[in-house]
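Paired with chain B in one complex and with chain C in the other, chain A is shared by the two complexes that follow.
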Partner chain A sequence: MPQYFAIIGHKGNPIYEAEFSIQQGNQKNLGFSQELKEMNPFILHASLDIIDDLQWQAVPSNSQYTNDNSSGSGSNFSISSTGGFLRSKNVNNTDNCYLGKVDHFYGLAITAYISYGGMKFVMIHGTSTSGGSNSTNTVVIDDNACRSFYQEIHELYIKTLMNPFYKTGDPISSPVFDSRVRSLARKYLNK
Partner chain B sequence: MEQQIIYPSTSDASFKNRSTGYEYTMGPKPSLPDEYMRSPLTSKLYSESLNTKKHEISLSAMTFLFQEMISQIHKNCQSLNDFETKLDKYGESIGMRLSELLNFRSSISPGTSSRTSTFLSSSPVVNTTSTNTNTNTNTSSSMNSQPGNGPNRSRANTGTSSKDTASSVSTKSNRTSTDRHIHHTQSQQAQHTQVESLTSQISKMRRRDLKIIDILQFVHGTLWSYLFNHVSDDLVKSSERNNEYMIIDNQPPLTQFISGSNNRISCDYFICGVIRGFLTNAGFRCKVSPHLMPKDNWDNRTVYLIQFDNQVLERETIRFGQS
Partner chain C sequence: MNTFTYEHYMNLLFHLDYCKENVIPEISRRILLHAISPVITVTSTPDLDQHISEVYNVDSLYMMLRYFGGCVSDRDQVNEHTNSTATKHVETISDQNTVVNTNMSDLEKVEPSNISNATSHLAVSSNTRQRRNRSRSNSLFQRDPTQSQYIRFTKPLADILNTRDTNDMLFDYHSLEIFLENYLKMIEKQTTDKTPDRLLKKSLYHTFFSLAISSTTSLSPYESFNHPIVSLIALDISKGQTYEHGRDLLINFKNLHRTVENFPVFINTNDILPVFLLCFDPTSPEQIEQCEALSKQFKKQLFVETVSLPLWIPQNESTIQVKLHQPVMSSLDEMIYFTQQEDNTELPLKLLDSIYDILDELVHDLLLPFMHRKISFWEESVMQPRRSLFHGSKWMKKFISKNTHQQNNTLVKDANGNMYFASSSTEFLLRKLADWSMMTSSFKNAYNTYESLSHELENYPKYMATCLEWEAITLLMGAQSIVTVKMIKNDIVPLLDNALDTYDMSSMRVQKRDGTVQATEPFRSYETRCMILASELFLSLSDTWTSTPYAIEYLELILSECKLGPCSQIMIWERLSDCYSLRLDPRIKHKVENDSNRKNKLKLQRNEEKKNDETSNNDNKKVFEHEENSNYDLVAQGLTRKRKAAFFRLLAAKKWADQKQWRQVAWCLNDVEDEYAHLALATRKNLMLYRLKEDLTDHELKQPETA
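Presenting the complex of A and B:
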């Protein structure tokens, strides 16, 4: 299943983006469809409001909201004061870096992670059958693998930050960073 | 004519034709079909461990550097305000890096650090530094202790964060000295690929600090320990204004050789910048200013006054009831 991953800076600017489409065997074309490719940044940025809200919650808790309609940002778009909605259930409550699933959009799941410096790591998980027809089955997210993936990225990000020539908020253009992220994606997200 | 932009990280010849990094004008790159066949690229920066290494900088070296910084700024500044802002900026870039680094290090569960010893330094010198036994001493255990540690601070570990990445740890100390050099450089490439990340040692990430008092405790304890090897001497909340907090250092190590009690220039703005960068990056916008307040035997006793923005207080009131 394909993923779209981005690191969002303090001003809502992407400092790194990548698309992962893992090929298994001789299956072809497992990536996002073309129109979805173009939509991905919008979908991702639409979830930033929810992440902003969760960022300062004492317990970014998994609420009991079970939103069955997968119509994404529906009409009753209200964020409860006790916790975000649509969160995945088995997120460890005491961990407020990894937020788990924060949003969804037509069957695509969106997970997020916030670093100590307020950088937002966000990822859209697509379905493997994201061809022409919009599949209605929502993506199941393996929280443990996802959390490990984000933590590894976090570590890589800090290493980038240790470069005295790198300014916070600049795009990360290092090919090493890119290739490391991709190999991590293969390791943790290849399902 | 096309102009070639030089990126320090990409100008390395070994990356040519292999991969290009993220280019924000192009958007995300899709995965390439043959990608999984390639091994990930390596570089020194990304192969180093983020774990704590005990590297203390001698105070004289640090003061020498600091002195150069100050005279450099002094030459270029227009006014007193300009001088302070520039010095503050220097500190800020360190502070914001530390807010990520120190929190991440605190997440590493103690007692597991010995596994990082697979790292090889790429310098040919095989130093016999002992393995990274648990050096994560800066965690909250030392947070509440308030020792009156006095004038015997001879060393300042004032960490310009880049120093950490440049330091190296090697465990292969038993090599024979002959042609060690060649062996080392050959094996280096292979070793780099199997670098173990610290994430495997983290069972639970440290919580992000959401309250003012929590993050100030972290500054008072962990940040101060990292910079100066001791916790700060006091952390006080102002009784008059509720957005003001004070961190007190009886004897600032960095500026202890700068004389002039009637001097209007304060070089403590550097540390102020570190504090400000740390707090601002973590989402607590504030202003920090130093104030010289001699008391008892401490002639250089400095109070770092932290004034948080209103938005921080408002957020705290909304989220946590009372500020």
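Presenting the complex of A and C:
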């Protein structure tokens, strides 16, 4: 299944974008349809509303946002049990930058991760059929892999921040950053 | 300018001066009350129709009276005149008074014996005028919408029955689509890209909404909202029509079930109040006298009430003519017909006043008392016996429900092989009791009746579904101010979901029986009505933060399940955007409103600044930027869904562009402009927004060439 990933700055502008498509056995690229390609940044922008909402909630009450992925337990938490980005005082789990599935749009699922500096890492997960906007098959997200992907991207991002030539909020144009992100995507998302 | 009224809002396309007004969120409740308001059929004789078409150039009495449907106390057709010549109005009123006075003095001079008649006639009119003054207020701004009395007119019952489809459709997606296309063409003609579109779009949606939830021509066997309640039988006194004519017409009406082939079993002419309408010439004392005598005779011998309409008012060049507007609600076919051609019906102002006077009389003295009488009769004869048997105990109900299960023969088969409850069956009487209570705005009563009826209808899913639907709607209508999250979750949503499931079940049953997908369409129309109605009522609740997700859910369900035409679907997409923009946390509601006002002001200021000085210095720019990015947004962060709203509006724009509705595209793009203004997304050439803007400019460039 294809993904569209973006790092969104404080003013809602994307500072980095990438689309990952799958390479299947017959070497056929299955990316997003042209229609969705034109729409993806707007879909992400729309879901920022919900990310903002979750960010400021101590305990998200709306079950709509919880992740239904029930594979395994323990570290595989769902948001409702841990509190949002602002930690609940009863939960000691510090690893809650990952918000899980925050939104959906006609078969596409949207996951998000917030850095401590308030940058938003957001990703649209398309269906393997990469159908149009009316496709109703919802994507199943592997939370563990997704979280690991985001965490490594976070690390990469912090390394970029440490670059004296980089100013926070500017678009990241480094090809090294891009190739690392893509290899992480291959590692975690399109196994 | 005059005050903004309900009619102005619903026909906003024809009152573009009001485009910048605001409308109350409860508007959908008013529209619903109008959509289920009592239906009055108008029967007249061919002579009278011909006379009317000669004098007023209107095809028939029905075609004339249909303009007067709506909120009677608003007198919106008269407003049409006062709006255009607000200053002249005072003169016309005094003019009118003098006409009445001279009429009276003429009468006194001509025939002293007529004095009592004339005074009694005038006394009646002054009474109605008094009452009118008391109740006359703008229905849009009334705190309690239930105070307004709406009515709808329709064709004679025989005509409706003859043209009736046998498939029990509530409305037909295709006609709705044609209407929308025609209406959009009218919008395209009468507006520009710069016309303020916010209210106009809402009005367009509500026109669409009102057509989907109401009909004056389809007689549903499962509910009685569209069944006529009053039958006006008109006689032309000036053409010498007498008691015998009236009597024959009444007999014809009462015998409809014998004379009309396939008369539906669920209609009972005894539950329709016949009222005679005598059309006379107010300047002729003989005719006034004749009216008095006839009304006495009708009452004494036929037990039927009469209203008299001074229809044949002498006209000359100085008579003020008022151009009438289309009624707010009408049958879909009529709406389509009138969107296709110019309508230039004009009637004298004096006649409009008289018609509103007799409608006032008809509604308050005859229609409402009749409904209340029937309601209390059914309450006593059908509802009470059940209540006293049940006594609220469950184990008693078991026995009763067992008994009712055995009575499967209450369903009657009609000529087309459909099984319906007969009009005299307890179930249908209860349904009528509930519907009429709803129409007279006694929601508590209606809820109780629907609730008790729903237990009886478990074996009849078609009836059950609409019963559950209206049970939920009574809750939303009646308990509007006290609807809480808990109530929505525990009462309203389960009822609605149950109703939708039952509609689904009945459509599947039909599909199994008939083997065709077409057979399920009637239920789909009910289902669509249910969802569109529920979502609108959710949006009219005061706490939009909790209620909008439900509205969104139902609208999305319509999009995925109902086979609406492309324009109708885009209307729903736009409504989704409205839903998201209404999703505001109550804590920051005022702040966001202030903020948007502030931003608008800044925008205006900046535009002026631009005009004044093209090369304005950078300092000013910085001030504006700082103002715009101040902490206002921080407070609202996460508590609004503005970005979602903008995205759905953009989607709608794309879909409008696919349909070549360029005016709508332009408006949608105007709406999203602010939201995307500061983002790079707006200017990226490979994205939707830029492409749409390009398509729009291409179209605009082509436009003058084709013109």
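Going forward, the second predicted complex is superposed on the first by the 148 of 191 C-alpha atoms of A that agree within 3 Å, B and C clash if a C-alpha of one lies under 4 Å from a C-alpha of the other, contacts with A are read in each partner's own complex, and residues count from 1 in each chain.
By our rule, a contact is a pair of C-beta atoms (placed from the backbone, for glycine too) under 8 Å apart; a residue touches a chain by one contact, two chains touch by 3 or more.
Because the structure is a prediction, the values reported are computed rather than measured.
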Joint occupancy of chain A by chain B and chain C, clash or fit: fit
Which superposed partner A:Gln55 touches (first chain B, second chain C, both, neither): both
First (chain B), second (chain C), both or neither touched by A:Pro14: both
Chain B versus chain C as contact partner of A:Ala145, first or second or both or neither: neither
Contacts of A:Phe42 with chain B and chain C, given as first, second, both or neither: second
Chain touching more of chain A, residue-wise (chain B, chain C): B
Minimum C-alpha spacing, chains overlaid - chain B and chain C, in Å: 6
Those residues of chain A which chain B touches in one complex and chain C touches in the other: 14, 41, 55-57
Parts of chain C lying in touch with chain A, wherever the complex brings them together: 549, 560, 637-644, 646-648, 650-651, 678-681, 684, 686-689, 691
Residue ranges of chain A in contact with chain C within the complex: 11-14, 37-39, 41-43, 45-50, 52-57, 64, 133-134, 136
Interfacial residue positions of chain B with respect to chain A in the complex: 7-10, 15, 18-24, 27-31, 33, 35-36, 38-43, 45-46, 48, 50, 93, 96-97, 99-101, 103-104, 160-162, 164-165, 197-199, 202, 204-208, 210, 281-283, 315, 319-320
In the complex with chain B, residue positions of chain A that touch it: 4-6, 14-23, 31, 40-41, 55-58, 92, 94-98, 114-118, 148, 151-152, 154-165, 167-168, 171-180, 182-183, 185-186
